[in-house]
Amino acid sequence: MLVNCVAYQDGKKLADITKEQISDYVERKDCFVWVALYEPGPEELREMQVEFGLHELAVEDASHGHQRPKIEEYGDSLFAVLHTVEQEKTPSGDDELLTGEVAVFVGRNYVLSVRQHTQMGFAAVRGRAEREPELLQHGSGFVFYALMDNVVDRYFPILDGLETELEAIEEQIFVRNTARSNIESLYALKQKLMVLKHAVDPLMEATGRLYGGRVPQICAGMGEYFRDVYDHLHRIHLAIEGIRDMLTTAIQVNLGMISLGESEVTKKLAAWAAIIAVPTMVAGIYGMNFKHMPELDWTYGYAFAVAVMVIIDVWLYFNFKKVKWL
Amino acid sequence: MLVNCVAYQDGKKLADITKEQISDYVERKDCFVWVALYEPGPEELREMQVEFGLHELAVEDASHGHQRPKIEEYGDSLFAVLHTVEQEKTPSGDDELLTGEVAVFVGRNYVLSVRQHTQMGFAAVRGRAEREPELLQHGSGFVFYALMDNVVDRYFPILDGLETELEAIEEQIFVRNTARSNIESLYALKQKLMVLKHAVDPLMEATGRLYGGRVPQICAGMGEYFRDVYDHLHRIHLAIEGIRDMLTTAIQVNLGMISLGESEVTKKLAAWAAIIAVPTMVAGIYGMNFKHMPELDWTYGYAFAVAVMVIIDVWLYFNFKKVKWL
Amino acid sequence: MLVNCVAYQDGKKLADITKEQISDYVERKDCFVWVALYEPGPEELREMQVEFGLHELAVEDASHGHQRPKIEEYGDSLFAVLHTVEQEKTPSGDDELLTGEVAVFVGRNYVLSVRQHTQMGFAAVRGRAEREPELLQHGSGFVFYALMDNVVDRYFPILDGLETELEAIEEQIFVRNTARSNIESLYALKQKLMVLKHAVDPLMEATGRLYGGRVPQICAGMGEYFRDVYDHLHRIHLAIEGIRDMLTTAIQVNLGMISLGESEVTKKLAAWAAIIAVPTMVAGIYGMNFKHMPELDWTYGYAFAVAVMVIIDVWLYFNFKKVKWL
Amino acid sequence: MLVNCVAYQDGKKLADITKEQISDYVERKDCFVWVALYEPGPEELREMQVEFGLHELAVEDASHGHQRPKIEEYGDSLFAVLHTVEQEKTPSGDDELLTGEVAVFVGRNYVLSVRQHTQMGFAAVRGRAEREPELLQHGSGFVFYALMDNVVDRYFPILDGLETELEAIEEQIFVRNTARSNIESLYALKQKLMVLKHAVDPLMEATGRLYGGRVPQICAGMGEYFRDVYDHLHRIHLAIEGIRDMLTTAIQVNLGMISLGESEVTKKLAAWAAIIAVPTMVAGIYGMNFKHMPELDWTYGYAFAVAVMVIIDVWLYFNFKKVKWL
Amino acid sequence: MLVNCVAYQDGKKLADITKEQISDYVERKDCFVWVALYEPGPEELREMQVEFGLHELAVEDASHGHQRPKIEEYGDSLFAVLHTVEQEKTPSGDDELLTGEVAVFVGRNYVLSVRQHTQMGFAAVRGRAEREPELLQHGSGFVFYALMDNVVDRYFPILDGLETELEAIEEQIFVRNTARSNIESLYALKQKLMVLKHAVDPLMEATGRLYGGRVPQICAGMGEYFRDVYDHLHRIHLAIEGIRDMLTTAIQVNLGMISLGESEVTKKLAAWAAIIAVPTMVAGIYGMNFKHMPELDWTYGYAFAVAVMVIIDVWLYFNFKKVKWL
């Protein structure tokens, strides 16, 4: 689906144009065309391939989807795949991270973005770019930066969400009887973390080649901007690694808490078993049928036996309390 | 076994030729020969070595098998070893991954593929190549790409299978009493993952040297195609690492679930032990043979004793319910 | 909030100046201005941006905060983000590490430091710099070094604190019944360690580019000083990794101690169960109501039965003692 | 002990010579001497040092032994240390890996091998070399290759042995009641793996510098041969890492099986405890000495009580069977 | 404390000189001064700084101590920090590794060593150097090598000690009831290992820059010697990593043994519980007070009951023996 198709010159919008007009504008010097597609059919992509002269392999990647994030040079043009990450409620009420894809083709005088499996549009990016003509003058390279910046900025709330989740688990982790829910939360968090990691890490690596030494022609003179994107990605990367490290520790700590929990149950079991078993033993002894058992004939024999039981049990109880078994 | 032996010129098939004719065609300029062998004997390989002037060490590798995937330069020619990975049912009904090998010798005007321990043929590759003469014109380098692309594409369904398996285990992992089957599945998945990893990782590394800076002459001008193969391999590599990471976590989580399971059994054991032990103790007390035990003479002594037992047990039962031990 | 604004020449303080005068002094050759801000509003930062001609993206980073530590070149000037780490008591009496941020803009003839979320001022740095005119003569590069040195030096007491904490835990780890508090301490230590690690590691990496090969103009001729800062950071980095490694081991060892603890409880439980169960069994036997039980009629039958019980129990007790179950 | 001392020219054996003659032959152009020592005394090594002009430090390394595998250049000559690995039965019937050492000094016209702590000789290498004069013509560099190739080829059966051992353990790992022997086998396998790893990894690294870019003069023109050795070492390296990875998983899985095993014992214990405790409780109740217990006077009271016990127990038994506790 | 102060020329000792004479000798061509200090006061260091013209930052490092091992260039001179590692008995009889520091300043014509927190002197190094004038002729660079070599050689007995300790633990690890002492030994070994690792790893890295490509002027022409030191450090490094790896495995295996141990206790507990509980149940049944219990009146009723108990118990005992629960 064609979302937008606009021609720009000198940082200003020239006109909304039709698909057929693209090739006219692309030929003009200092003019570039910015096209946005949403889940296009093979037909539509084929048309764009012809209009912009896109490389076979890049178009194939854009139409198949399920690429890893990457930035590739095809001659003078760039082909980038970015992952969007969105949080959604599953029917069962849990949060889930969904991955969408944005393929971007950038040439000297065109930008073509192809969105798939994501609701996130780039209207805001277009709006901001049009309000800053002095930046938009940089041409298609700036639009490429603006798109990347936008996608990357949207990772931050996701990351914040994961950090909040980790903190929530950390608060629960030493609370008794929460081990089962903790372990489930830790695993779920790890799953989400991996989704974000798979979106961020390859992109970070690729972005690192857009500034510094030899950079693609299109990105020339915008090094500080792409370094800024890299920097954001690197920050997210470090945060992810930090969470991953804490998660591993948290899982092990949780294992320890489970064992401790069982240990405490065993102690309680042992203590109460003793408290019940001792009177049972005493009662058993006075339940023997020997002819000659002097205590049985005492007037206060029964009271004495019960007293023995109670005294031993009280003594046991306080001893177990003292050693924290109860 | 000789599967195929065809001469090509200008992207078009010239003729099916015999082994003896190979040397004639190889000498012609702009003409190349594409030979496919299936589990050849030492004799057959020896013949090919002579026809194409293959290097001693490369032929040795191809005939011994059990190589790691690799791409080596011998002067102007290339020698590649690729692993095929196929899923098979074992007699006991489990899936198993089988590794086969394809050795490929590529020179300026020949391609020789040697398949071993695998049913996967390359008829489809030959068919596709012959239908695309404009690509086949690139010569032996393109055939090499097409063979690699085909082998690598066949890793994807295997990878999908492993991802599906992981998801299936993840759904089971927090279900009670599945720990034993989970742990077996996790280990089996890990084994399969390692098979795929051993096929993919060394090949990825080797493919990375077929584009970009200095590349072998045969691959010149096809950088974007080999980068595409690299990209696919890298994607599989990342997915494998992701599964591996989740597997490690899943195994630890499963350990936690086992401990939790035992903890719950211990709690149940403790609770029921208490519920049975208390009446036994009370009964023991009234089973003592003291002369003077007033309760024994009460008309409702028996009922009273039983009532005491029942009341304590009911109280215990609900308390244990409340703290989730039952 | 403007903390300080001073102009220097030839290593000596010229004058405290107002914000408006900055541009005058910055234009003078061999003169530089050193400005310190504390949690400035967007207004204040905007002014500074104009006075010093700071880059848009750097100013944005300084005002947003929550950057990772980094050192970036913008043309001839540098932009650095440093993390301060301070120990604070939480209301619940635990120690906590708080992260603050210092953004530093350094140009040929200005230094602008922007402190956020931290009480740590740089009065001491200014004082020391003013007392060493021969060093201050190096200009803004030296001030930059002095600021970094000061921030990094303040990591050492934090690190010492963490090492002391680890030692305290190590002394407790093999003591019985401390597993729960140990595991909590280990996790808390890990959390603090990660805070320090996130401050140190990225900064170390960045500092490594300030000496040796190609260095930013501003740092030229001060290589040994920046190498010294790098060296300190590297030392902290190694110490952190060492603690991290020991922590992992300590957590596993603690898990072992928990299991051992439970094992010992189980042994005790088993031993006492036997000691109580045997007399109960004997008593049960002599509590049977058979007509013909010769022992029941013996004069010393009761004494005999009790003796049997006691002898078996004493024997059991010493045996359990011998095998360390008691 | 001098094993062999032979002079070669143009790929053909000239003569067996004495130690004293070495210097004569070494001076001749196109002639080289190949000496093999077995556990030489310091005297013998000293002689060789003089004959061949070996470097002090290299001779020291060869006589001390216990070096890590390495390949070092001393001017135009090479000094290599290789580890041999042999499997031996210990008196207690277990397999053990023993490490021996081969130090090789290679100059333009000599090869000196010094074997220590190993029975493996190089007679086969010498035989093969003498049968292939066209290769032996390459001179001392080829002999060096042949020695390395021989040592490396002998790692493969060791590796196969370790893989077979892992498979044997994997078959046992999910079998009940094998945890103790599994854990011992896993540890023993890990120990052997480390022995092989210490032989292979440093050598692989060193061999990687014998082909490709700048190579020592002696190895010039033989790049494909040394790459082949590297390739074998890399294959073993990958296999070792694979086994190491599976071992780690296997140890964790085994831990899980131990916990599962205990869990099952606990369940059985709990089930049988219930089955025995219930009749005991019932019996206890009817063993009370209340005057008024109507059941005691029933004609079938006893039968009734026993029936109650049996019915409850049968019910319990089948329930425990159903939930797999028995 | 000044330990030694000697001037050398052409590999021979000229004279013991006083501190004041140093500057005279340092000015002479081909002459160098070798000074050894032991825990000097700030005064003494200040003097040396003046005599030799040492860099401020290096002197600061030498006087503060607690540096990581490193080798730094200051112009033409080198500054090195080495860690000595000594084994000491603690009052409680355990071994402990103590770290000392040696700072070495090396210039074209001086060597200054500053020892701290260590008893290890360098008299032996001086003696050896003076006995080998042909090596001492190399000047200060050779002394530097000799000092490093000496420090590094002293790591080997420490390493051997750790390897012996690991072997001792490995022999204990599968012995029953040693888990607690094993776990303590493993942790103590890990602690010592980290001490050695912190001494070795950074030094290895630094030494790697003293041979091969661009080396400091002072070390020129001595590449093989410094490579030898590097080689020793690398060997120790690999051994440490090997021990670390085995330690991790050993700790996990020990965890497994603890669980197995508990499992065995639980089995024993279960078995004996059954053996005691069954007679108790039987006795309970014949202790019931039913009027009509035919067995009670049998002449051999009692013998029969006891026989039933014994038979069941014998049967249980052998069954438990068979399944290895006893």
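Letters A, B, C, D and E mark the chains in the order given here, with residues in each chain numbered from 1 onward.
Keep this in mind: a residue touches a chain if its C-beta (ideal position, glycine included) is under 8 Å from a C-beta of that chain, and two chains touch if they have at least 3 such contacts.
Just so you know, these numbers come straight off a predicted model, no measurement behind them.
Taking the definition of touch as given, a chain qualifies here only if it contacts subunit A and subunit D alike; those chains are B. Traced through touching neighbours, the fewest hops from subunit B to subunit C number 2. For the pair subunit C and subunit E, the fraction of shared interface numbers is less than half, so the two copies use mostly different residues to meet.
With rounding to the nearest 5, the Cα superposition of subunit C on subunit D corresponds to a rotation angle of 145 degrees.
Rounded to a whole number, the gap between the C-alpha centres of subunit A and subunit C is 25 angstrom.
Averaging Cα coordinates per chain places subunit B and subunit E 40 Å apart. In subunit C, the residues that reach two or more other chains under the touch definition are 252, 255, 259, 262, 266, 269, 273, 277, 280, 284, 287-289, 293. If you sketch which chains touch which, the chains form one closed loop in which each chain touches exactly two neighbours. One full turn of the ring, starting with subunit D and passing subunit E second, gives D, E, C, A, B.
Residue ranges of subunit B in contact with subunit A, taken from their complex: 170, 173-174, 224-225, 227-228, 231, 234-235, 238, 242, 245-246, 249-250, 252-253, 255-257, 259-260, 262-263, 266-267, 269-270, 273-274, 277-278, 280-281, 284-285, 287-293, 324-325.
Within the complex formed with subunit D, the residues of subunit B that make contact are 55, 57, 67-68, 70, 72, 74, 177, 179-180, 183-184, 186-187, 190-191, 194, 197-198, 202, 247-248, 251-252, 254-255, 258-259, 261-262, 265-266, 268-269, 272-273, 276-277, 279-280, 283-284, 286-289, 293, 295-302, 305-306, 309.
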